[in-house]
C-alpha cells in the first residue's frame, strides 16, 4: 500500500476520467435529475478473482462529482468468488454514473493482474523463488500494475531504467564484453544499486561471476543449465530466470533453487477480471 | 490513420517514456560510448500477428535521443508470421536502447488488439455485422486502442461519454421509463448524435421503437430474441448486440442480421503480441 | 448544469486567475491587513440581462485565497434588471480583491452570451426552430460558452470535430461529390453520430437526400429555397439554417419550418454584460 | 510583435486546437485521402477591418498537421476592405481543414479588437491622449488581446496585478485613506512600478497629489472635473480617464488634456471580424 | 506574506516532492506500519539564523500523506539561535518521513536567504538605502526567494522582464544611445512602469537625466562617482548601486545617499541554513 | 552526460524562462529592432572555475527566440580562469537578450557546484574514497545539480526515495531495531537495490553487519570509530561517512579507508560561479 504513489495517482485518475468524460456525459445529464442520489454496488462476475484496486474507488467517484461515501467490502489481495461484493458507494447519482466505467476499468485491470500473479505465486509455494514482474507494462500504468503484482503476492523488479542496473546483451555488445560492461557499470552507478547482468550461456555466467556481478539473469536457459548456474554462483549471487515462463513450467524452474522468476505476462497479458456495477436511485 | 490524435500522441508517448526512464538510463550511460551509433530491427516472435503501431516508432526513438532513421517493413493492419521484420531503425545507440522497451510496449499492445480484432472480423465475414469496440479500455490508452481496433478491421463505438448517447438500465431507472429516458435525451442532446438505448427484453425493445430510438443495444439476449428484435425493428433502426460475445458465438449472432456486435475483450483482454528488438552497434 | 465539465473547469479558472495574478497582487498586499475580512456584492449595471456563471464564483474566490462563503441571489438563466444583486460573498478581504476581476470577466462573458441567446430564443417562440450555437467561440472557452447558450435557452451544436459529422463544401470537393462524401462518412463514423451535410443549392439538397443524409445545413439560402428544402426533405431529415442570421431575420426563417437555426454571433460577438462588485471591509 | 509571449503562445494554440479537435476530425478523416494536398485563402467578408493575428496562422496549421507553406498578404495592423486576402496557405489538405476553425477563431477575435481600437485611436487623433486597454479581457486570452490593442494603435495598461499598482476604492477603504494607501504602496512596491490611484472626487485628487501619487485614474468624472483635475495635477502627474467611454464621448474627453483614456469595450465587447477560408484540393 | 503566490506554490511544492519521491519511498514502506503516527520537531543547528519558510510546512506534509497538525513555534523573519524549535508536526509517521527532506530543503534555502539579507539590512541601518534583490535566482524558485528577501528585511527589485523596464548597456547599444533608448522605452512601456537605465559613467548619468530617466542604476562606480551622481540627480530620480557589493563595502555605499543597493549574492550564493528534523513514533 | 534527463530538461528550461519572461521583455521590445542580429560571448569573471552547464545554452536561447548558432569554447568539467570564454552565440538580438539571465542563472549554479565538488575530489586524491552528493538540493533542480557533481568529478548517491534504500534513525525507531529494519527492507525492496543503514555507534554497526547490511552510513563518528568500523566491516560492506564534512576534514576521513564521503554543501551551499555575457549588435 505505502509504495503507491499517491501524488501521481491523482493525475492518473484525472486523465483517465477526462478521457472518458470529455466535455460531459450527455446521457446522464439528460436522464438524471440534478439533486438525485443513488447507491451502487460493485460485484464479481468471474468464478474467482484476487481483488485489487480498492484505493482508486473513492477518488474516481469524488472527481466525477459523486460525493461518494464508501463501504469497503473486500481487502486488497483477498480472493473472492462469483457474486461477492467488493464495495458499496452511496452518493450523487450523476457522479456515480459518470465514474462507473473509469472505476471498473481500473479494477478489472488491477484485479486481473493480481489474479494472474497469485496463480504463479501459488505454483512455486514452498520454494525460495519469488515471482517478479518486468517492465512490460501498459504505457502510463506501471505504478498501478506493479502495485497489483504485490497485491497478488508477487514482488517487483526495478521500476524503470533509473532504479536498477540490468546489463543486457545489447549493452554487453556495446561495452565489448561481460567483464568490461560490469566494470563500467560499477564505476558509474550509485552504490545503492546492485549490478545485474543477463547471460545466455554458462560461459557468460562464469565470466560474470568472476567480474563480480551482484545478480545474474539467466535468459531462456534449460533446467540443467539453470541448476549448473546455481552451483557456480553459490548462495551470494542473486539468480533470476526469465523468458517464456508459464504456469506449466514455473514449478520446475523454481525447484532449481533460483531466487527470482520474472514473468512478463503478469502485466502485459493478464485477462481482465469481470466486475460489474449496479446502481439504484435512492 | 487520420483519426489518430497526433496532438495528444506526443504527450502520451512522452509520459510513457518518462515513466520508464525516470532520471536516466544508468545501464546505457555506463556501457555505451556517447557518440556510438547502432542499427535495430524489430521482429515478430509469435506465429502470426496483425501488425499495428508503426506511427509511434519514430517519435518514441526521437524523444529518447535516438535521432532515428526509420525503414518501415510492414503496413498497419498487415498480417505477419514469425521472424518477419516490422521496422529497421538506424540511429544513436544510446537512444535506441533507451526507447526500446517503450516502443515495444506500445507495439505489443496495439498489435495484440489488432490481432484479436481481425479474428472476430474474419469470423463474421459475409454478414452485415460490424465488430465494434467498447469503452472497456486501459486508462489513458483509449485513442491508441481504438485505433488498433480499426487497424484490425473493426469499427469504433463512441469514444466517450460526450460523443454519443447510450441510455443504459441505470439511466432508464433514473428517468422512470424507456420512453421518458428517450424523450429527455432527445431534448438535450445535440442533433448530431443518435440516441441509442440498451434493452434487456423484447418488451423494452418494443417500447424503445415506439418512442423513436435511433439504435438499440440488445444486452445478453438469446439468438431467438435477437432475431425477433430484428424483425420488430425493421431496417431503419440500428441493432447492436453486446455481452460475453466470444469467437465461438459471434458467427451465429452475426447471422441474425444485427448491425453491430461489440466486444469488450478486444481491448481489455487481448494477449500482447510478442515482438523483440535486436540492436547491433554500427 | 450537468454538462458543465467540472474536471477541466478547475484548470480553466486557475489559468485565468494565474493570468491576472502573476507573481502576486502588489496593491492588495500593500493596502490590506493580512487577517482582514470583507463582504462583497456583485450587482447588475445593465438595464436587463440574463444571468449566467454562478458556478464559477465560489471556486474563483477560493483559489484566490478568499475562503468565501457564498449567498447566491440569482439562478442560472434568470432575467435581472439594473441594480439587482447576483451574489454576496463573505471572506478574507485580500482574496476577494484578488479574485474580483477574474470572477467578473467570466460573469460578463457568460451573462452576455446568455442574454444574446435569450433574445434569439424569444424571437422564434412558438415555432419548431431551436436556436443553436456554432464552433465560432473564444479559444479555450468553448465549454463555458456553450453552457451559457443553454442557460439562455438555446441548444448546442456539436462540441467539436470529434463529436459530430458535418460535411462542408471543402469536404465535398475533396470527396468528389455529395454522394461520395456521405458514403465515406457513413463508412467511417461511429454509428452514434448522425451525418450532416452543408448544401448551397436545392440540387445539392436533392442529392443529399437521395444519398441518405441524416441532416442538412442550408447555407445562406433564400427563404423560398428553405421552404422548398423543407418540402423536399419531409419530416424525417433534420434541417438547419446558417449564415448571417440576425434578430431581424430569424423569425421569418423559423417560420419556414426548419428545425435548427445556428447563430455564430451568440458566442463570437455578444456584448459583455455589465456587472460590478463592491467590497466592504467587515 | 516582440512583446508577444511566444513561449506560452504554443500552449495556448495547442489548447485551442485540442479543444476543437478532441479525439480527431471524423469528417475530414472520412472525406480526405491521406496524401492529398490543398491551397487555402483567407479573405475579408466585412466592409473594412484592421487585420491582426498573422503570427498564429503558421503554428496553428503546423500543429494541425498541415505542413503549411505561408504566403502573408497583409501586415499586422493594416486596414483591409471586403474581399481582400490576408494569407495563402499551401499544405496537406487534412491539416488545413482541421486547423481552419481554430485559426479563424483567433483572427476574428484579434482583428475585431484591432478594428475597434483603431476607431478610438482615430477619434482622438491630434490630442495627447493615448487609448489604453483594461484587464477586462477574455479569460486565458489576455496576452493575445493586449497585443491586438497595440496592433490597432492603442497602448497597454498593466498586464496584471503584479505588473502595476492601481489603488482602487476598495483598497482605499481597506487602508483607511488615500494618503495611507499611497504610503503603504510606496513602502512595498518595487521601485520599478509607478503608484496610480483611482479618485472619484476632486477632493480625493487633491489628497492624492499631496500624498505624491505618480498617476491618477479619474473614475466617471464630468468633463469639467477632469479639466480641473488636469490643472491641479500640472504636467508631472499622469492622468487617466475611465468609465463608460464611447466613440461618441472620447474626443471631448481627450481634449481636456488627459494622458490616457482606458476603454474596457476594446477587449470585452469588440464585434468579431468576419473572415472566411476557402480551400481547394491541389 | 500576501505577495506569496499561493496558486503556483502548490505546483512548486508538488514538483519538489515528486522529484524526491518518484515511485515511492521504499525505506519508509518497509519500516513503518501503515497506521503508525508520529511527532516531529524541526530545530536550528546553526548558531544564529533568520527563520523563513513557515508557510510551506503544512502543504508539504499534507501532500506527503502526513495529515499534519502544525504547531508553529517561530514567526517569519524571526531571529533564532542554536537549538530553537521552529515547528512541531503531529501526523501519520510515513507522511512525516516522506516529506522531511523536501520541507527541509525549502527551509534551509529560504532561511539562508533571509539570514544573509538581514546582515546587509543591518549593515545599512540608519541610512536611506534599501537592500534589494536581483534576477540572479535559482531557476524555478524566484517567487520563494524574493519572498525570503522580504522576510529578511530587504526589498524586491522587479520580478521579471515584464514587470519593470531596466535598460542595460546591451539595450543602449541596440537603440543607438542613452537618449534614444529612453525615448523608445517611454513610448512602449505601460505607464504603470518606471524607466530605469544602467549607467557606467557620469556622462551617461547626465545624458540619462536630461532624457528624463525615472531611475538610474550605477554599475560598478567608485564612491566618488556615486556621490557625484547623487548631486546631479537631485532627490527626484531614484539611484541604485549594483556590482560586487559585499558586507564590507555596503555601508560606505549606503552613506553616499543612494536609494537602493542591489545584491545578487542574497539569492545566488547564500549559505543554506542548517535545520534538522527529529521524529518520534507516537 | 548521458544520465542527463533530456526529456524533463525541456520542461525545466521552459519553466525557468517563463518565470523570468512573464508576458514579455518590455525593455528589449522597446530598444531592439525586430530583425536585428547579434553576437554574444559568455566569459568567466571568477579567478578559477570548473565549467558546467554547456548543454542548456542552445535550448534556452532557442526557446527565447534567439535562433542561436553556438560555438562551444569549453568542455563540461574543464577548469577555466578569469577572462576565458565558454561559448559564443550568434543569433537574433532580441532572443539573446531575453535568454541571457536564464542561461547565466543555470551556468552560475552548475559551474558553482562543479567547482566546489572538484575541490573535495582533489582533496581526497589517491585514496579509495569517492565524494558523493546528497538529497539536499534546490527543489526542482536535483537532476541538474547531480549532473554538475559528476562534472566536478564526484559521484551520485541515490536520486530519490525510490531509487535506493537508506534506513535512518527514524526508520530504525519505527521498525523497532536495526535488525528488524534490515529484515523488513530486504523483504520489500526490489533485488536491484542495496540496503544501506545509518549507524551512530559501533554497536549499531556490529548489529547491522550481523543482520547483513549491504552498506553502512557512519553518521558524525570520530576518526577512530570510523577506522574501527572499517575493520569490523571488512572489505565487502560499503562504508559511507556523512555529517559536517569540510575541505579541512575530508582528507583525514578519506584516509581511514571508507568508500564514500557524502557532502551536502556541494549542492546546498556552493557559491555561484561568476559569469557574464556581453552582446554586440551584428
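Chains: A, B, C, D, E and F, in written order; residue numbering restarts at 1 for each.
Simple rule for what comes next: a residue touches a chain if its C-beta (ideal position, glycine included) is under 8 Å from a C-beta of that chain, and two chains touch if they have at least 3 such contacts.
Keep in mind it's a predicted model, so treat the numbers as computed, not measured.
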Could you work out how many touching-chain steps separate subunit C from subunit E at minimum?
1
Determine, using the mean of C-alpha atoms as each chain's centre, which chain is farthest from subunit E.
B
Fit subunit A to subunit E (C-alpha, same chain sequence): the rotation, rounded to steps of 5 degrees, is 120
Do subunit B and subunit D face each other with the same patch, meaning over half of the contact numbers show up on both, or with different patches?
different
Inter-chain centre distance, subunit A versus subunit B - centres from mean C-alpha coordinates, in Å:
22
Please compute the C-alpha centroid of subunit D, do the same for subunit F, then give the distance between them in whole Å.
45
Subunit C and subunit F, separation of their C-alpha mean positions in angstrom:
52
Can you give the whole-Å distance between the Cα centres of subunit D and subunit E?
33
Quick check: what residues of subunit E touch more than one other chain, meaning two or more?
3, 21-26, 28-29, 32, 142-143, 159-160, 162-166, 188, 190, 193
If we count contacts the way the header does, which residues on subunit A are in touch with subunit F in the complex?
3, 132, 155-159, 162-166, 188, 190-194, 196, 215, 238, 240, 259-260
Given the complex, residues on subunit F that touch subunit B span 1-8, 143, 159-160, 163
The residues of subunit C that touch subunit E in their complex are 14, 17-18, 21-26, 28-29, 32, 34, 63, 65, 94
Tell me, which parts of subunit F touch subunit E in their complex?
12-13, 15-16, 19-33, 36, 38, 93, 97-98, 100-102, 104-106, 108-109, 112, 135-143, 159-168, 170-175, 181, 184-185, 187-190, 193, 264-265, 268-269, 271-272, 278-281
